[in-house]
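In what follows, a structure is listed as structure tokens, so that the remarks can point back to it.
We call the chains A, B, C, D, E, F and G, going by the order they appear; numbering starts again at 1 in every chain.
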Amino acid sequence: MDIPPHALLERMLQQKIILQLKDGRVLAGRLLGGDEHMNLVLDEVEEKTHEVTRRLGRVVLRGSNVVSLQAPMGTAAKAA
Amino acid sequence: MDIPPHALLERMLQQKIILQLKDGRVLAGRLLGGDEHMNLVLDEVEEKTHEVTRRLGRVVLRGSNVVSLQAPMGTAAKAA
Amino acid sequence: MDIPPHALLERMLQQKIILQLKDGRVLAGRLLGGDEHMNLVLDEVEEKTHEVTRRLGRVVLRGSNVVSLQAPMGTAAKAA
Amino acid sequence: MDIPPHALLERMLQQKIILQLKDGRVLAGRLLGGDEHMNLVLDEVEEKTHEVTRRLGRVVLRGSNVVSLQAPMGTAAKAA
Amino acid sequence: MDIPPHALLERMLQQKIILQLKDGRVLAGRLLGGDEHMNLVLDEVEEKTHEVTRRLGRVVLRGSNVVSLQAPMGTAAKAA
Amino acid sequence: MDIPPHALLERMLQQKIILQLKDGRVLAGRLLGGDEHMNLVLDEVEEKTHEVTRRLGRVVLRGSNVVSLQAPMGTAAKAA
Amino acid sequence: MDIPPHALLERMLQQKIILQLKDGRVLAGRLLGGDEHMNLVLDEVEEKTHEVTRRLGRVVLRGSNVVSLQAPMGTAAKAA
């Protein structure tokens, strides 16, 4: 019943996730990898602001900037 | 009599908790897991602001953004 | 004569303490536990602002948000 | 399928990348090296602001200032 | 001739010190103990602001909030 | 082809570098040494602001304040 | 030719140094000791602001608040 954070990150691989950053930006992208600092690799990244969507492609994020990862609804059942 | 923080986190598993974040946001959700950095996994997350409730679903939170977890009243007696 | 911080924390167990947080909030509650990062478990927590007292119940606080713990006057003589 | 952050950094060597810094600056340059703290070495660095492009040449960046590295589109297929 | 910081902290035990905190507060109190993170235990603590002196009694301070400890003039000669 | 950050720092020894600090200051000086935290020793340091150049002489910089070191153009070929 | 930061700190012992703090304060004092976190012990400390000089005597500084130490001109030749 207990799902540690690293296990959910593994389940989210290849899924579209939404990422909240400390600087207020919100990124959407497909999760390709991560490590114990929550450094993340994302693909097909889009940064959505009020009116504009910027395509950023493949991105490495330093974990210290991450606030939260939001799984798309319904991915919880995917096996690790 | 001494309840270390990690022990209370374990007792809170599967419970609805309220989470205070450093950026001022307040999240409510069911605790699915956590680790020694206070990285957390929550399900059925809702972000409540003055007038709006946003449903975020399943969320991984990086521990460095956490201020406090508030247990719902009355869960203290639940065995670990 | 030398009282290390962790020893005073242990003496404060089950006592009412006042907690100063980095975000300016002041909490009062009974100390149930803590660890080496100064992550704390408190019970019967109240957050007191200018005019309002909010009851928060049982709370886990991440140590990085703690500025100081203030023992109630007169608890110093309690054995560890 | 899992690409850890350090592996993508290695793939990006010698590639032109775009770097987002915590102080808001955006740098473009060729990645020459990096380490586990995300300290980076870049060459042919340009800092682009609204109207001006400053040439900075070879730069060492302390990892704690890095928000994200953006690979140029289409480099993902390069072998590590 | 070389006095490492932890040695001066030990010399200051039982002395009245003045403490500068990162949030701008200035505390005066008698040093009862400390550890390698500069977490401190103080007694008879007073917080002095422009016009008011608040008595805080016994206090545990998290080291990450400390800027500096100022020894009272003339304590340097006290043996460790 | 891969130049790790510490290797470029070694190549920069005795060179004039430009240093960007987190508090916005820009320092120019000759690099005399550094360590794994990017603590740096610089000589003949000058702090250049809009209109004034202050000579600071020999300086130890704590690495946590460093954003980036910029090598003077053309030093890349110097052997380590 | 390579002077690591800790070696320059040792050379600076008993010298008058100027200290830049993160909170913008500038302190002058004689360096009595330090450790690997750049926690420092200073004596005969003076805090100089625009018009006032405050004498602080003996001070322990937590390293995380230090930006830089500036050696007085001409001390470089002193043997370690």
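One rule holds for everything that comes next: a residue touches a chain if its C-beta (ideal position, glycine included) is under 8 Å from a C-beta of that chain, and two chains touch if they have at least 3 such contacts.
No experiment lies behind these values; they were computed from the predicted model shown.
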{"item": "Required steps from subunit A to subunit D (each step between touching chains, minimum)", "value": "1"}
{"item": "Rotation angle (°) superposing Cα atoms of subunit E on subunit G, nearest 5", "value": "50"}
{"item": "Geometric centre distance via CA averages, subunit B-subunit A, whole Å", "value": "19"}
{"item": "Centre distance in Å when subunit A and subunit F are each reduced to the mean of their C-alpha atoms", "value": "35"}
{"item": "Shared interface positions of subunit B, touching two or more other chains", "value": "64"}
{"item": "Ordered ring members, subunit E first, subunit G second", "value": "E, G, F, D, A, B, C"}
{"item": "Contacting residues of subunit G [partner subunit E, same complex]", "value": "10, 13-14, 21, 23, 32-35, 39-41, 43, 45, 56-62, 64-65"}
{"item": "Residues of subunit A touching subunit B in the complex", "value": "1-9, 12, 22, 38, 63-64, 66-73, 75-76"}
